[in-house]
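Naming follows writing order (A, B, C, D, E and F), and every chain is counted from residue 1.
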Amino acid sequence: MFAVEVRDHIMIAHSLPRPVFGPAQGMHGATFVVDAAFFTKDVDEDGLAVDIGAAMTVLSEVLKPLNYKNLDEVEAFNGKVSTTEVIAKHIFDQLAQAVSEKRLGPGSHRICRLKVMLHESHAARGWYEADL
Amino acid sequence: MFAVEVRDHIMIAHSLPRPVFGPAQGMHGATFVVDAAFFTKDVDEDGLAVDIGAAMTVLSEVLKPLNYKNLDEVEAFNGKVSTTEVIAKHIFDQLAQAVSEKRLGPGSHRICRLKVMLHESHAARGWYEADL
Amino acid sequence: MFAVEVRDHIMIAHSLPRPVFGPAQGMHGATFVVDAAFFTKDVDEDGLAVDIGAAMTVLSEVLKPLNYKNLDEVEAFNGKVSTTEVIAKHIFDQLAQAVSEKRLGPGSHRICRLKVMLHESHAARGWYEADL
Amino acid sequence: MFAVEVRDHIMIAHSLPRPVFGPAQGMHGATFVVDAAFFTKDVDEDGLAVDIGAAMTVLSEVLKPLNYKNLDEVEAFNGKVSTTEVIAKHIFDQLAQAVSEKRLGPGSHRICRLKVMLHESHAARGWYEADL
Amino acid sequence: MFAVEVRDHIMIAHSLPRPVFGPAQGMHGATFVVDAAFFTKDVDEDGLAVDIGAAMTVLSEVLKPLNYKNLDEVEAFNGKVSTTEVIAKHIFDQLAQAVSEKRLGPGSHRICRLKVMLHESHAARGWYEADL
Amino acid sequence: MFAVEVRDHIMIAHSLPRPVFGPAQGMHGATFVVDAAFFTKDVDEDGLAVDIGAAMTVLSEVLKPLNYKNLDEVEAFNGKVSTTEVIAKHIFDQLAQAVSEKRLGPGSHRICRLKVMLHESHAARGWYEADL
C-alpha cells in the first residue's frame, strides 16, 4: 500500500457542553494540526499515489470553512459535540467527497483509503481512518 | 476506525545482559516517550472515542511503577530482558487490563484495539499493537 | 549560562478585533504549547540551575487561570489584544513574579533571565525573553 | 504485532520531467528523512523483534547508493520518475532483499512486514508498506 | 525582546565542488525547512511584534526564487559555495531588505534583529542571526 | 553570527542521591538527545562556519565515553551530581577542548561560542552556552 500525507492546520473556538468534559465545557479553543493521508494500491504512470500539490490544495479547501471559526456556530456541527474525533470524521467525510468528485486529479478513483489525524497538543491527538 | 492517542514518558535504568546487545549489556538507561492509542469503531453520544483525560490518567497510573526505576529490580521483568519491545508489551498488557476493568470510563467496553509506542531516541522507536 | 526549559500547553478561545487580523477578528482559538526557560549563571551544590519539577509546577500554576478559557473574558487581557506576543509577555510576568516570590525553590534568586515561547501551530511561534 | 523503527536520511538531486509536477520538473532536490519499520508477530528469546543496531546498519547500507546522488543518473531509477512514492518502494524492495538474505540477523525470517516512510518536508511525507 | 518566527521550506539541488565536502561534491540536493524570526523591543498598539501573516508572505516571496531550483544556476550564488550557512545568510539579506522596504507592514521599522535557521535533516541545521 | 548545530544521543543510567530529587534519587536513567551548536563570526572560503561532518564526528567522540554507561561509575562525575545541567557542562568542556585541539578542522580557531542542549524528554531540556 502506498500513501501520501500532507499537513495543514486550523485555529478554532468551541465549547464542549457535557459534564464529561469538566473544565472544557465552557468556550475555549484549539489549534488542530491536521495530517491527511491518501492511500492507493499502486502508483500511476507518473510515479504518483496522489499529487502532493493537489492533496494540499484539497485539504486547504476542506479546512477553510472551519479555520478561524467558532465551531458552535458552524452548521456542520449543529446538534453535535465538536470533539477532536468528530472534527476528524467531518474532515474525513469532506475529503472523501472531494475524492468522489475527482478533485484529487484524474487518478482520484485509485484512492482506496483515507486517514485524518488531528494533533491538539504536543501530548494528545485523535484520528479517523477507513477504506473508501 | 477512531483513535485517541496520549503521550507521557518514563526515565529508567536497566541492563541487557545478552551478547547481542554489545555495548548495552551493562547498566545504562533510557527515556521512553510513550504514545498510547485507544481505538474504537464509533464515538459515543458525547462524540468521544475515549475521554482524553481518562486516557492520560490511566497511562500515568500504568507508567508510575516503572518511572525512575531500575527495571532489573522490577518484578514484572524478572527473567525477562527489558527491551523496548518487551516494555511496550508490558504497558500494552497493563492498559488492556485497565480497559477490562472499565478504568477508561463507562465506554471502556467499546475499546477494541490498543497501540503502545516507545520512542527511545530521536532515531529509534518500537511498538506493540493488537486487537483486544 | 545554564538554562532549564519545561513544556506545557493551554487551549484557549479569543477574538482579535482589529482590522490587521483579517479572518482572525472573530471568535476563534488556539492551542499554545508553552516552553518556559529559566537561566542561571551557575549551578547550585545539587548540580541544578533550577529544579525541573519545581519549574513544571510553577508553569502549570501560571497557565491554569488561562487554560480552557475565553481570553476575551479574562481580566488580565482587559483592554488588550491577546496576541501570541501579549500572552507570552503575560506568562513571562507571572513567572517573573513566581521567581521573586521564591516559588522556584531556595535558589530562585539565582535565576537571572526568562524566555517564554508559545508555539501556535507547526509553522508559527512567538516569544518574549528578558533579564530579570 | 511488534515493530521496531529506525531513522536515517539521504540528500539527493533529481528532476521530475512530467507536466503534472509543474515547478518541480527541473533539476531540484530533497532531504528525505527515512523511517524504516520492521514488523514481527513475536519477540525472540532476547526480547527482540529486530535488533535495532542491525536495523540501523542495514538501512544505512541500503541508503548509501542514493545519498548525495543525482537520482537522474542512478540506474535503479532509469525510465522511472523518482517521486517520493517510487523511492519509498525502491528502499522497501532493498530492505526486503536484505531480510531475505538474513542481513537483519538470525531472526530475519520472523520479519513479516515492512513500512518505509519518507519525510520530504515538515508538511509532506509518503510511504510504502506491505507484508513480506 | 519579543520575537515572531514562521516556517516554510525549499527543495533545491546543488553541488559543493570543494574537497572538504567529500561525497557531497557532486550534484545532490536538500530540503531546507526555514525558520525566520523577527525581533522587536516592544509590541505595537495591536499587540504585535510583527504580523505573522505578513511574515509568512514575505518569507514565501524571498524563498520563491530558490524553491525547486538548481542553486548552481542561480545568479545569487555565482562564485559562491551554496552551503547551509551561505544560503541562510542570503535569505537573511533578502529579509533584511524586505524590512527596509517596509514589506512587513507599517511597523517594519521596529524590527531590530533577524534570525534565519535552515534545518537540512533531523540531525543538522545551520543559521545566521544579527541585529539590523 | 553563524552557527552549525548537530544532533546525537546517549542512553545512560545514574542516581541523583539528594533529597531535592525525590523519586529520582535511586538508580534510573535517561536518553539525552544532544544538540551541539558551534558559532562563528564569519564563514571560511568554502562557505563553512564549521564542517558538519567534522562536528558530527567530534560530538560522537565526546559522547562515546558516556553512552551506555552508568554515570555513577564514570570518573568525570566523581563527587558530582550528574544532572542534565552538569552533563551539558561536561560535554561543553569536552567540545571546547576539541576546538582548542583543532579537531574541528583548520578553521577551528574561528569558533567563538558553543551551546550544548540536552533533551531529556518531550517536555524538558537543559543547556549550557558560553563564549570560548
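Here, contacts are C-beta pairs under 8 Å (C-beta built on N, C-alpha and C of every residue); 3 or more make two chains touch, one makes a residue touch a chain.
Quick caveat: nothing in here was measured; it's all calculated off a predicted structure.
Asks: Which pair wins on C-beta contacts, B-F or A-B?
Replies: B-F
Asks: Compare the two sides of the subunit B and subunit D interface and say whether they are made mostly of the same residue numbers, over half shared, or of different ones.
Replies: different
Asks: Which option, B-D, A-C or B-F, should count as the same interface as C-E once over half of the contact pairs match?
Replies: Most of the contact pairs in C-E are shared with B-D.
Asks: Mind checking the centre-to-centre distance between subunit D and subunit F? Centres are C-alpha means, answer in whole Å.
Replies: For subunit D versus subunit F, the centre distance works out to 30 Å.
Asks: Measuring from the mean C-alpha position of subunit C to the mean C-alpha position of subunit F, what distance in angstrom results?
Replies: 27
Asks: Can you list the subunit A residues in contact with two or more other chains?
Replies: 7, 122-123
Asks: In their shared complex, at which residues does subunit C touch subunit F?
Replies: Spelled out, the residues of subunit C in touch with subunit F are 1-8, 43, 46-49, 51-53, 56, 105.
Asks: In the complex, go through subunit D and note every residue touching subunit A.
Replies: Per the stated touch rule, the residues are 18, 20-22, 80-86, 88-89, 122-130.
Asks: Spell out the residues on subunit C that touch subunit A in their complex, using ranges where they run on.
Replies: Residue list for subunit C touching subunit A: 7, 9, 11-14, 23-24, 26-33, 67-70, 119-123.
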